[in-house]
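Structures are listed in the sections that come next.
Below are two complexes that have chain A in common, paired first with chain B and then with chain C.
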Partner chain A sequence: MPLVNFTTREITCKLVYYGPGRSGKTTNLLYIHGRVPQDRRGNLISLATQSDRTLFFDFLPLELGVISGFTTRFQLYTVPGQVYYNATRRLVLQGADGVVFVADSQARRFEDNLESFQNLQENLLEQGVDIRQLPLVLQYNKQDLPGDLILARPDLDDTLNFRAVPSLGADALHGAGVFETLKLVSSLVLQRLSTPSGSER
Partner chain B sequence: MRSLEPWVEAPLTAFLTESGARLTLLMTGAGQVVAQHGFTRSLDVMSAAALGAGIMAATGELARVMTTVPFESVTHQGTALSLFLAGFDTPRGRWLALVVYGGETSLGLVQLFFGRMVEDLGRAAPAELPVQRVLAEDFEAQLNSSLRSLFGR
Partner chain C sequence: MRDLDTFALDPANRPAATAARSVADASGVPFAPLVVVGAPGSGKTELLGAIADRLQASHPRAKVELLDPDALVEQERRAQLAGRGEESRAALVEADLLLLDDLDRLTRYRDAQGLVADLLDARRSAGREVVVTLSRPLARLSGLDARLLRRLSEGTTVQLTLPGAEARLTILRRHSGVAPGRLSETVLRAIATADFSSLRDYTGALARLSAFQEASAVPLSPEDCLTLIGVGRSDGRTVGAVLPAPLAASESETPPAVPSDHDEFSQFLSDVEAGVSEQVDRWRRRIGEAVSRWAATGLRTARLEQLLEQEVTADPELVLAGYERDAGAILALAQEAASLAPDLAGAAVFRDPDQLAAARGLVEQARSRAAPLSAPLARYRWEDLAGGPASRLVLLAGRDIIGEPGRRYSPLLIVGGPGTGKSHLLHALGNALAARGVGPVACLGAPAFAAEVRGVADADALTTWRHRYRWVGAFLLDDLHLMVEERRAQEELSQLVAELLEGQRQMVFASARPLEELSGLSARLAAQLHGGLLVELPPPDREMRLIVVKRLLVGSAAAQDAALADYLAGRPAESFREVQASVQRVLNAAAAQRVVPSPALAREVLEVLPPVTLRAGRSRPGNSSGILSPGLGLVKSREKTVTEWPAVADRLLAELR
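Now for the complex of A and B:
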């Protein structure tokens, strides 16, 4: 649940971008980092290997502005997508208020998407979190690639979106869908604070 | 100093005064800031918390792999500044502390007064506040406007 400071009237939310390796999680954060004015964001921290693959996590703090009288901040994290980095994925996922699952739309990555999504469910369950209770958005990235290489959104929905959560296509490299994804997930996360039983303190 | 709840401030102030630490950050295990002293920019605080929580999480995982009990603390000795990271239990759950100190004090003093702060926090914590609504039901219009301004749209 987002952290709420009633004294200074601040809300901090942790959002995690999850998905298979090379699906575009870091690209989402890079695009956001490049578009948001410097005084509204921190540095993009990237704990990566020498070949720029995420090793532990990427982290980008954002200051959204004032909502209902509360200064609202987002902490955006990515996890490493490679299968063998599951221990670090579990650590980054701890305390997530919302998750964006970034799927690779390429048909050849079909199994990787499924495996990563199952891994997300398992890791959440291990932390006592039911995926049905967590704000979740599916982003089908790389929809700009030629049609014969990718799966269409309805096909990806059939495979991954059996819980009928919000989903959208994206081309994170050029920014299409990045803003909309952040808007969707932040709205879902903050909705939990607009109900009487929404906050922890 | 800034803190999530006022009861944290007295124990933290006492720790800072007695230990001679320059910067201190208290956070949840997930890297959410609970209180801080010494950082000037809120966005830098969040980055420091994320990295500190990451170090502690990785160290805990190492302990698990080594089939030993989790390490209580981690220290990094620097030439000008040093770092002390530790996990501790509070009535509000497990928190982490990131303490930066210089040559005017020592690891021993930091550890000594850190232990006292943990005890003080345990005594100072009031009962949990009742759950209350935080945001107005029509918050989405403000959210959308903030996001549009953030992305220059």
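Now for the complex of A and C:
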């Protein structure tokens, strides 16, 4: 997917929320959906199971209007976190311009976070994408939970953020850190606009 | 010196004055930036000047940059052209204080908006202050990009209104101090209470009245002044009454309240807008830099300027890469053209990467022209020619041609019998033209020209061959009379003459027979030659023969024998070739008899023995073989003696070695 299409004068950014199941990816999108004016957003397409688990993926298109002559769109996706939906994750990950890795801050989900993060790297690698070259933000969700249940941000950084990418804590349910995350990953993606690899015809 | 306290006289302007004082004293946290909004003529520029004055009064070495958009853009443009763009921007970032006046005029310079946004960012990061003035509130500005607007809205905005009469009086007093004609206090008070809408009107009125006062012996009264400046009192009171209260800021100038707490999506959107604008600006700046860089090399940059003038419609990376590729190619072509054909190097197509195809075509032509032309023989020099009455006319014509090649006497046709020096003259003239920078110079004989035409195999080769001559600076053709049977060569020559005439190139032809006798010459070519100057080169007169004889005797035992030289020069001769033959016979006879050449010996050799006549078959007109037959009976061998190659005696007056 082109990041900048000079023929149609469009900028389209595909952002993928990645992470283990129940880490809060869909909650991020739901919160964003609730804060975006109706004329700026499309329908949030969410294919969920009866138990509210994402079966396929969530998709939230954001129309940001014409900026510097370009019709600017952001497309927000989530992937299904469950291990057995890896084929879907790979599909959604294709052509991503930026990734938000939503980690569950609960100590008991430590291994799930690691496993999902490794899965992210593997899936990117399969698509020939070097994770070091891709705009990536780590969001440590559920930081609002009692301190004895969660890992502090420095601890999560130690284990997950060995690439020293931007990270921040969040409480997606109540919105804390949700837009900050979105702004952070957006700014990383937009910084690549003026690089030769960031534009395609 | 401008004083910030003046502005504090008005309650409405006190916040602006306080903020300005804080900036000048560096006493607070930077406003990053301080945005002063005021209608035209409200004193914004005065305020910036007052800030600068105050800072420099306390810190004389402080570096303050006060620029308006025009000056900023011009400064940037000059820096780019000088290749010091980065240096110039760094200086603006590192200045102790940056004051940007009338920034809303930046809407005219879309390319510079990113630069200003970057400046604001960089100075904020460095903790350095920027003060910006605007004539309209931020919310009413249009044409400034989102990132710059965002940066400005992040600063602190203060209002500036037209100063009240008291403040105006203070300002007028200060201006009056440097005006040529001193005005009285009552006059100043009258001006201060006049009904103007702009501070500039007050200072302008003061300047006019000061000039009037300077020229007038009678002190102006307040009433005179108001009459002279053609305005009434703003308050309708008498002069000297209590000054009116300061004008309050008009409702319309108050900017709408900027919501201090944007909702999350708006903030996100604002960030994205700023991010996209910044990236687009970066492209624009890269393109702008490329425009400056390539323009400095003399290349046209219309393709890149088109990108700047419009919204970005094509991938700038691709366009930039394409332009730079074409620019490199066209510079290489220009270089090649310069080496092949200097007259082509300045062609406009070599300065326009959009005309790459045309440039390639020209270089192709230059390559075809690069085939070596027959040049004049270097040893014949114009300055070595010595003239006599017989050759005076042709030498005068040659001198004029060298002075103004192509403009006078083109074509020049020299008609003279065999051995009269036509070829010598032609080569000497060619060398003189080449030395004058008329190049390239083609100098060849008609048989060689005809042979070239006969050797052209096909249409392509003919085109290439034509290109060789089409671009010559001068064309000199010897032995025209030998081309009478060459119809095709005549056609090509006629076409070439027409083209060279149109290009005002110099042409010189030499013929052993007059045009009227050249029955085989095409009417068109004859007419073209008749259009030029025809000069006859008669047989050498005695004066010229004497010069030649003396030169021929140089190096012999009779070099100083004036009587011998006089005798030899006095013998009639139809050509220099005959003169040389006579001298050579005498020298050979002297050598055979082992005696010094003398007039007696010369008489014996030249009058008793039959003279050697050059047979027509061997000495065809224009033959310049230089091969002479020695005197019969003096040398037993029938071998020919090569005296010079080519024979000097075949030419006009040569420097004999």
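We take it that the second predicted complex is superposed on the first by the 190 of 201 C-alpha atoms of A that agree within 3 Å, B and C clash if a C-alpha of one lies under 4 Å from a C-alpha of the other, contacts with A are read in each partner's own complex, and residues count from 1 in each chain.
Convention: a contact is a pair of C-beta atoms (placed from the backbone, for glycine too) under 8 Å apart; a residue touches a chain by one contact, two chains touch by 3 or more.
Since the structure is predicted, the reported quantities are computational estimates derived from the model, not experimental observations.
On the superposed chain A, the positions of chain B and chain C overlap enough to count as a clash.
Contact with chain B, but none with chain C, is seen for A:Glu63 once the two complexes are overlaid on the shared chain. Of the two partner chains, both chain B and chain C are touched by A:Ile11. In the superposition on chain A, no contact is made by A:Leu168 with either chain B or chain C.
In the superposed model, A:Gly42 lies in contact with chain B only, and not with chain C. Between chain B and chain C, B touches the greater number of residues of chain A. Within the superposed three-chain model, A:Gly95 lies in touch with chain B and out of touch with chain C [touch as defined at top]. When both complexes are overlaid on chain A, the residue A:Ile131 reaches neither chain B nor chain C.
Once chain A of one complex is fitted onto chain A of the other, the partner contacts of A:Tyr77 are limited to chain B, with no touch recorded for chain C. When both structures are laid over each other on chain A, chain B collides with chain C only at 260-268; the other stretches in 260-268, 458-466, 476-484 or 566-574 stay clear. Residues common to the contacts of chain A with chain B and with chain C across the two structures: 4, 11, 35-37, 40, 64-65, 67-68, 70, 72, 179, 182-183, 186-187, 190, 193-194, 196, 199-201.
Against chain A, in their complex, chain C makes its touches with residues 145-146, 263-265, 267-269, 271-273, 275-280, 282-283, 286, 311-315, 317-318.
For chain B in complex with chain A, the touching residues are 2-6, 28-34, 41-44, 46-47, 50-51, 54, 57-58, 61, 128-129, 131-137, 139-140, 142-144, 146-147, 149-153.
Chain A meets chain C in the complex at residues 4, 6, 9, 11, 32, 35-37, 40, 64-65, 67-70, 72, 74, 175, 178-179, 182-183, 186-187, 190-191, 193-194, 196, 199-201.
On the side of chain A, the complex with chain B involves touching residues 3-5, 7-8, 11-12, 14, 35-37, 40-43, 45, 47, 56-57, 59, 61-68, 70, 72-73, 75, 77, 87-88, 91-92, 94-96, 179, 182-183, 186-187, 190, 193-201.
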